[in-house]
Each structure stands twice: as structure tokens, then as C-alpha cells.
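Shared between the two complexes below is subunit A, which has subunit B as its partner in the first and subunit C in the second.
Coming up: the complex of A and B.
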């Protein structure tokens, strides 16, 4: 087992390195740099001063250095856990991410827990009652749910919320609570604001979990070992939950790889639309303004999380299923 | 009965066997039967056919042109045709009242008042704004039309006073094709690289696999945003349209290529491929005569399944202002105005293009599901 893990860890190292290069280059690639886009925006505000000190600005941000030099300096710092400074916000990228990671994870973990919590039992019910009225209904609902983009749902819920309560529930906190320490009232306010994004994202998520669960369980229920168990007289409840469900969790665990990254990059557009103070909403602005270190760090971290998640999923699968380990 | 070369003895088939009653079903027909059995897939394909027809005949269905503005009616709520007039009389032929927009001298707000004296009946198949279909048929006949000064806005107008209903069908032309163009591009890239990698193996396979691994490590949306930011802002809207399709397929082709490679890799050792190789068939012949036909149906299924993601990608990018630019329009761009919550709450009808997006995505999902069953007609 240890050998298997070690082999896999070594195998992802070159890919990790490629991801850093790719992430950095994608952010560097658009014409111009942060200073050009900054000057354009300053012009928009009627400030012509910025254009005059263009060169000074560029050397201030060290943008006059060649790309490879900046990449190497930045990579050396990145390896030590220092992701550089954001040009636009004039703060270390690390601090910006630290400020936002809490609320980002609160929403994504809540969404994750709810969609798996609902999706798995419904999927199991659907598979064990195949072609029943409820199953047909659930399958159709799943299809519709998969076709509903979360950001459009969020907009629809926003209108609905406004018509019901008369409040525009964007952001995650009402203005009066912004600089307050945590209190029960503030927590309640947070939960009230979480309803729209969580509901919007949960619908697609649940639909997906249900669909995967139903498909796999049906596949397992047709296998010979299930017939053997039934022939032995094992209670149906035990057959389904202890044997069939356990075996049909494989694809869901394999998808944990994507899930880990999803925790900080899922519902990006919903975040932007609802003005949620999450990592996702900072990413779009940083990309547009060519705030390379901020946008690049987020993109690279997402790539890393996918790889690490896939690795973890493989390790869990190997631990659950010895056939994979000795392949 | 004496068994001859190609008929089987009765004892093997059973006494009820009657050769005349059994017909041989071709694989193609078997696929169609499979597909037809899936009710949802049939519904999905009918909806899609209607959508694409509506996109082609956008000018005919919408009463107004793509860029036609009604200055007096900015951000107007839907003005629907009615059957019952203010006095309660029923009229089978729908009509509208002409609206006058006035500025209230006390509140300085724009108020619409209807002139209930004259009924303006809807004219069907009537002449209106000229338009072209498919770029060469010029005509001015609209499905329905109402004479000035009355207006009919089935889904309201935007802040420049453009009819949303008409624009949705013009937007469909872009939104429905961007996915097809994108998928065709990733089909070409993905299939070529997948087949080459799976069949020949070697260094090319290793390199392409590493590249794909890096590409699919990045989830779609962040990558779309980063790549769309690369498109120079000076490009025309037609150039942007193709650039967006390329961005969508760049993110997408890796997954497709992997699956094609996997299939080709498995088929490479099949008896008939080995037989072809011993018969000194060229690689080109093996690929085009044996490998492609055997993988094509699966490739097409994978492609169909990835269209909804592309349509959603275009919608998301245009919605954020990174995709299609005016004067072209698309569903995402129409939704762009709904991005600001204050605007959206005052003009909720701006969200109607979302219904079209959702209907299209769901229909493609249904279709893809039906095709997947049909591609493998021998499975249970």
C-alpha cells in the first residue's frame, strides 16, 4: 500500500510543475499587462495622471522584468507558501485567500453535504424501485435538474426571494453585521443569505449524485453475487446497503478528485451574480485585470486540488478494493 | 427436412420457426428501434428540431428586427395581445391597444397609458420589417404583426426598447450554433489525436496524454474565463464568435480524445484488425475502414453529450460580458442585462432567455441519453 501511494505521488510531480507553468502563462498571455489595464480604468474615472507615470508603475510592480524571470522568482516564493502580492488589492494573495476561504468552504461544504445526503438515498430508492412511478418521476426530475444552470437558478430565486420577503438577498451578510463580531443574530443573518446560493447549487448537485448512484446500483444489482446473497436468504436490506451500495460508491469516490477542487471553484458564476465574498468572485476580476499572481495562484491551486483529490480518491479506492492495489 | 449448408435443422431452432415471418433487422434499424423506445429522447429531438427551425426563421417568427428600437418603450413590461376588450366583449381575433408613453409631471416617471378607443388587430402572415433567411432569401412577411402606433411585445423590451421576443430567436442563431461549431472542432482534434495516440502509441501518445492530463486538471469554468480573456477586444463580433467556439473546444477536446484513444487501444488487438494487418492493409486503410466505423457511433454520442456544456459555456461567458459582443446577440448576452440585481428585480422578464437555454440543454441531455442506448443496440 505504502509503495502504491509513493509511486502515485512521484507520478504527479511533473504534472504539478506543468500546471504551474500553464497557469502562469495563461494569465500572462493576454496583450498588455496589469499596468495597461489599470491606466485604461483610470482614464475611465477621468484620471490621466496614471498614464504619465506608466513606466514608474511598471517598475513598481516589477512588471518591467522579463516573463521567465518573474516566473522563476514567483515560483521560488510559491514553493515556500508565499504567493506574491495582488497588484489591484495591494495585499498578499495569501491574506486575500485566507479572508475568503472560511465563507467559501461554509457554502460549498453545506452544498456538498446536502446534495450527497439527499442524492444517495433517493438514488438507492430509484434503483431498488426501477420503473415504478416514483422512479420514473425521479429520473425525469434528475434530467431536468442536470439541465438547470445554477447561476440562472440563483437569479430566479433572487426575484422570488424579493417578491416573498421584499429583501434583495445578495452577499452573505447584511450591511449592519459587516464589522460585527460573531453573534447568534449574525449567524442567523448568514444562514438567511446562504439559502439562495445553496438551494441553487444543491439542485444540480443532487441530480448528479442521484443519477450516478442509480446507474451504478442498477449495475451492481444485476450481478451474480447479489443472486447468491438472495439465494442464501440474506435480508434484502442487508444485500442493498451492505453489499450493493458499498460497491456502487466507487464512481462517486473517484469523483472526489473533482469535488476537492470544486470546494473552491464550484458555482463561480453564482458567486459573481450573488456578490458572494468567496474566492471564486475574486478570480474573475483578477483575470480581467491581469492581476497575474492572484488569478494565477487561484487557477494553479485549483489544478493542484484536482490532482491531489484524484490521488486521494485513488488511495481510498485502493484501500477499499485490493484488486486495484495489485493491478 | 435435410439440413443444407445455410439452413439449420428444425431440431435446433424449434418447431415454431417460420423463416418467412422472421425478418432480418439491420443494425441501423435496430438502433432506430432502440432510440424510438426512449420517449424522452424523442421529445428532446422534436424540441431541438423546432428550436433550430425557429433559429433559421427568426425573422419570420419575431415581429421586429434584431436592432429595431422602440425609443418610447424602454424597459417595457410585456404588452400581450388580448381577446377581451375593456367593455368585456370577446373577439376571436387577438388585438392590442396602442400605448402612449407620457412623463408624469409630478413624479417625473414614465407612465404608459393605453388608448382604449381603437383596437389594433393582429395581422397574421403580414408584411413588416424586411429580413433575410439563411443570408439569401429576402422577405418581409412575419408570423404576426400589428400596425403602428400599436406595439406587441410578447416578452417585454430591454433598456434600449428592443423587443426581447424577436431578439431571443436571433440570439438562438448564435447560441445554438456555437455548440455545434465547438463540438465539430473538438471532434476533429480529439478524434485525430485520440486515434493516432491509441493506434501508433509511442512518444506522440505519451506527450499528448500528458498535455491532456494537464488540460483536464483544470475545471471548465475557470479555464473558460482565463482563455476568453485572451481574445483581443478589438475583434469583430464574427471573429469573436469563432474565437469563443475555439475556447470552448480547447477545454473540451481532451476528454473526447481520451475516450477515443481508449476505444482504439482496445480495438487494436481485435482479430479483424490483426487479420487486416497480416493481409498487409495500410495503416490508413485499417484506420478508415476498421477503426473509425467501429468507434464512430460512440464518438458521436460523446460529442452529443458535450454539446450542452458548450452551450452553457457560451451562455456563461456572454452573460459575464466575455463572450459574444454586440451587434451580434446570443442568449447569454441577452441575459447579461439581467446580471445587475436591481435591474433584474424591476424587469424580471429579462430572465426569459434562460428558459430557452434550459429547454435546449435538457433536450440535448435527453437526446444524448437516447443516442447512447441506440449506439449499443445489442446491450440489455
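Coming up: the complex of A and C.
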């Protein structure tokens, strides 16, 4: 097992490196241009100052050096957590991410935990009570949940919330709490604001987990080994939870790999619609504004998370499944 | 009804009476088992013989109540005299999820299957899968269960049983997995073992080894066996009594010597003739003309009549023959041994009736 993990970790190193090269190229793509386009934009705002320091800017961003040299310099800084500055927000990328990562993870981890926590038992119930009234009901809800995008649900909830309370619950914090230190009242305010995005995203998330779980479990319950278990007198509850469910988790765990990146990359439109101060919304904006350091850094982070997530999923699968472990 | 033997024990371990198991599919109702009656003696070996699709497995599954929806037992009795030795208990009356049934499964009646490759849970070691059977039926600790499991593996002649305990199913060959399946089945010393074509998926050498093992174990442990197969050679080796099935019905029943010496039903006779002679290549059971009709579309009259060389027209294609005793212990369902005066007219097949309401 340890050997398997080691092999896997070594195997992703080249890919990790490729991601940094790719990220760097993305930042370089409008090379030279981004200073030019920055100057043009500043000019548009009536700021002629930028044009005068063009050369300064170029040498600051090492645009006058050869590409590989720039890459090494950039990589060394990146590795130390210096991700460069955002043109658009005029702040270090690192600070921007720092500000947002906490709330982003709070929302995404909450939705993730709730979707899986509800989705798996409901999926198991549906599969073990196939074609019952509850199953039919849950299956219908699943279709609706998967058919409606989460941002639409978020909008609907926003309107509903406004009609019920008279408040428009966008963002994650009421204005009066923005610069306050943490207090029970502020926490309560945060939770109040989280209800809408979490509910909206949980509905689609749960629907997905439930559908996958139900489908896989039904498939597993039709397998030969289930008959063997029944024939040897194992209680049905144990057959389901110990054997069939464990065998059904494979695709969910494989999806876990994607989930890690989803934590900072999921429900982007919902984030925008609800004006959530998450990494998603700043990422979309940065891409639109050609804010290369900010967008590039987030892109690389997402790439890393996909890779690490896949690695983790592979390790969990190997730990669960001897057929993979002893490959 | 057989008389009670000495000490008040019923001489049979299991009596199946007029068992009917149907599948309620979207295309219609399939009478996979259609009025089967069988007796299995204590410690005896009954063979169930027939072509693919005739309902052998469904009969075996019905005994342990393993038939899954859309299948369901719709009639008959399965009396088990293993625990309640004089009166027996009707297994068809038990709830599928009941504790009583759970205590029969594995402990009283065990079953092994045709596909050793898929019959074990791939995620658990074979040791844990054997121990699981023991732990759910016997009041023993984990380490005692482990000891019993190793002993049972040893008993099924598994080399290095203690090491094999740690193996996962995919690390074992088909023959070894079938040994594990047999070990699981034997671990709680059942009184009846249902073996559903346990060697069909194995190569010839392995098949011979497994058959020999099962014969030896039956002698050692004194358990009864219901041996399901489509192979006459295998049945000759394994069974004392034989029931021949065709399209969900038993068409002939006797002890093995009588059946081989004097097969009476035209279907049994055709089966015998289809055994490949030495030096001559022939497919299994292929010498019988015509195709097996699907059990969802049983011909009127005697179900075998479209393929039967002795069919009596006007009788065989309208009336269904009943099992009749032609000599002591030899039962045949064919008009060649019965004038048909008591037979019921069966003009329409009773199966694929689309109007039959689904349950």
C-alpha cells in the first residue's frame, strides 16, 4: 500500500510541473500586451501616468528577460506563496485569496457535507425500496434537482426570502457587520446569508449523489455475491450497508477527486448571482478583465486541486479495493 | 405422506409439494417452476437434471427463498424436517426477511452456485467471508471462528488454508474459489447442500476434483445434497435419485440405476441418446430435435410433444399427462404409460397470458 502511494505521488510530479508551465503560459499569453492593455485601460480612465512608466513596468515584470528566465523567477516566487499582484484590484493576489478562501471553503464544505450526508442514505433507501411511493417521489425530485441549475434555485430562494423577510439576502454578511470583529451576532448573520446558497447548491448536489448511489446500489444488489450472502444467512441490513454500499462507492469516490477542485471552483454562477465574496466570483472577473496574475494563480490552484483530488481518490480506492491495491 | 420412521423422525429431510414459482415480467407471466414435487432423504443425494432454462435453478432458489422480483413463489409447500423433525416446517410460509428464515439459510440449508468467479464479494478477504457465515450462526468468538474457517478450508483440501484466508477472491482460480464457496457452505454443517451446477464453469480436471471432493464430504458429514446439473455424466456420479425436469415440470423420477437402465419418458430417452459415445464428438444434449420452447410459451397438451418422436396425435397435443407410478419408485409423466382417461385437457398454454394482472 505504501509503495502504491509512493508510486502514485511520483507519477503526478511531472503533471504538477506541466500545470505550472501551462499556468505560466496563460499569464504570458497576452505577453507585453498586458502592460500595453493596462496602459490603454488606464488611459481610458484618463490616467496618463501609466504610459510614462511603461518601461519601468516592463522591467518590473521582467518582460525584458528571456522566457525561461522569467519562468524560473516566477516559479521561485510562486513556490514561496508570492503570486504577484492583481492589476485590476491593485492588491497582491495572495491577499485577495486569503480574504476569500475561508468563506469559500465554509460554503463549499457545508454544501458538500450536507449533499453527501443526505444523498447517500436517500440513495440507499431509494434503491432498497425500488418502485415504492417514496422511491418514485425521490426519483422525481432528483430529476427536478438535476434539471434546474443551482443559480436558478438561488434566484428563486432569493426572491422567496425577500418576500418572506423583506431582506435581500445577497452576499454573506450584512453591511453593518462588514468591518466588525467576529461576534455571535455576526456569526448568526453569516449563517442567515449562507442558507440560500447552501440550500440551492445542496439540492443539485444531493440529487446527483442520490442518483449515483441509487443506480450503483441497484446494480450491486443484482450481483451474484449478494445471493451468496443471503444464502449464508447474513442479515439484510448487513448485506446492504457492509457489502452492497461499499461496492457502490467506487464512482462516488472517483468523483471525490473532482470535488476537491469544486470546493473553489463550483457554483460560480450562483456566487455571482448572490454576490458571494468567494474565489469563484473573483476568478470569473479576473478572467474577463485579463487580470493575468490573479486568474492564472487560481487556474493553477484549480489544476493542483484536481490532481491532488485524483490522487487522494486513487489512494482511497486502492485502500478499499484489493483488486486495485494488488494490481 | 411417508410414515414416520423410528424415533419419530420423518424419513425425508425435505419435501417439495406442487411448487409453483412464477416470474411476472412485462412480457407476461413465466411459470419457471410449474407444480414440482420432490423428496430429499436424510443424507441422500437427489439429482435434478434438465436442459438450460427448464427451471432447475429456480427450484433450488425457491427452497432458500432466494427468488427475486419479478419472481415469486405462488403455490405449493416446501417442508423442511431438519429442525422440527416430526412435523416439519413450511419454508414457503416464512417471511423473506424473517429471523427464522435467516437461521435456516446457511446453517440448516446451504447453497453453492454455478459462477465461482462472481459469487464472492470482491472487496473482502475469503477468510472474512467464511468467518461471516460462522459468526452469524454460531455463538463463537472471532478467533474461534477463524479457527473453524481454517479447519473448513483444510477440509475442502485447500492447500495452505491459513494463507488463503488472507487472499481476496480475484487472487484465486475458479476451482479454488469454488472450494472457498464449498467451505462457506460447509462451515456451519448444514443438513442439506444445494449445489447448482457447481462445476459447469470449471475445466474438466478441476470439475473431476471438485466432484470427488463433494462425494467425500457428503460421506464424511452425512449431509443431504440436491445436485443440479444438465450433465448426465455428472448426475451419474453424484446422485442416488434423479428427477428429470422439462419446462418447469418433473417428467420422470426414479433412482439412478433404474433411470439409466430403463429410461421411460421419451425426453429422458433422448437425453440418454445424446450422450456422446467414445470417439464421437457431439454437443451436449443437442441430439433432441427442435428447440426448447421458452418457459414463457409452453406448448399445449404435453409440453414435450412438438419434439417427441412418439407423440400420439389427438392426445399428446391436447391433454397434459400426469406423473404416474410405473413401478415402485419410478414415476413418469407420459401417455405411453397412461391411457389418458384421467388427464385434464390443456388446450391453451397457461403461461403467457397478457391479461394476468401483475401483483
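Following the convention adopted for this analysis, the second predicted complex is superposed on the first by the 277 of 327 C-alpha atoms of A that agree within 3 Å, B and C clash if a C-alpha of one lies under 4 Å from a C-alpha of the other, contacts with A are read in each partner's own complex, and residues count from 1 in each chain.
By definition in this document, a residue touches a chain if its C-beta (ideal position, glycine included) is under 8 Å from a C-beta of that chain, and two chains touch if they have at least 3 such contacts.
Here the structure is a predicted model, which is why all the values come from computation and not from measurement.
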| item | value |
| --- | --- |
| Touched partner set for A:231, first subunit B, second subunit C, both or neither | second |
| Touching partner for A:75 - first (subunit B), second (subunit C), both, neither | neither |
| First (subunit B), second (subunit C), both or neither touched by A:191 | neither |
| First (subunit B), second (subunit C), both or neither touched by A:151 | first |
| Subunit B versus subunit C as contact partner of A:243, first or second or both or neither | second |
| First, second, both or neither for A:159, with subunit B first and subunit C second | first |
| In the superposition, subunit B vs subunit C on subunit A residues touched | B |
| First, second, both or neither for A:178, with subunit B first and subunit C second | neither |
| Common ground on subunit A, meaning residues reached by subunit C in one complex and by subunit B in the other | none |
| Residue ranges of subunit C touching subunit A (in the complex, touch as defined) | 61, 64, 66, 97, 102-107, 110-111, 113, 115, 118-125, 132-133, 136-137, 168, 170-171, 181, 184-185, 188 |
| In the complex, subunit A residues that touch subunit C | 223-225, 227-236, 243, 246-247, 320-323, 326 |
| Subunit A-touching residues of subunit B, taken from the complex the two chains share | 40, 210, 213-214, 217-219, 221-223, 225-227, 229-230, 232, 308, 312, 315-316, 319-320, 322, 335, 338-339, 341-342, 344-345, 348, 351, 354, 357-358, 361-362, 365-366, 369 |
| Partner subunit B, residues of subunit A touching it in the complex | 14-15, 18-19, 22-23, 26-27, 29-31, 140, 143-144, 146-149, 151-152, 155-156, 158-159, 162, 168, 170, 258, 261-262, 265, 268-269, 272-273, 275, 283-284, 287-288, 290, 295, 298-299, 302-303, 306-307 |
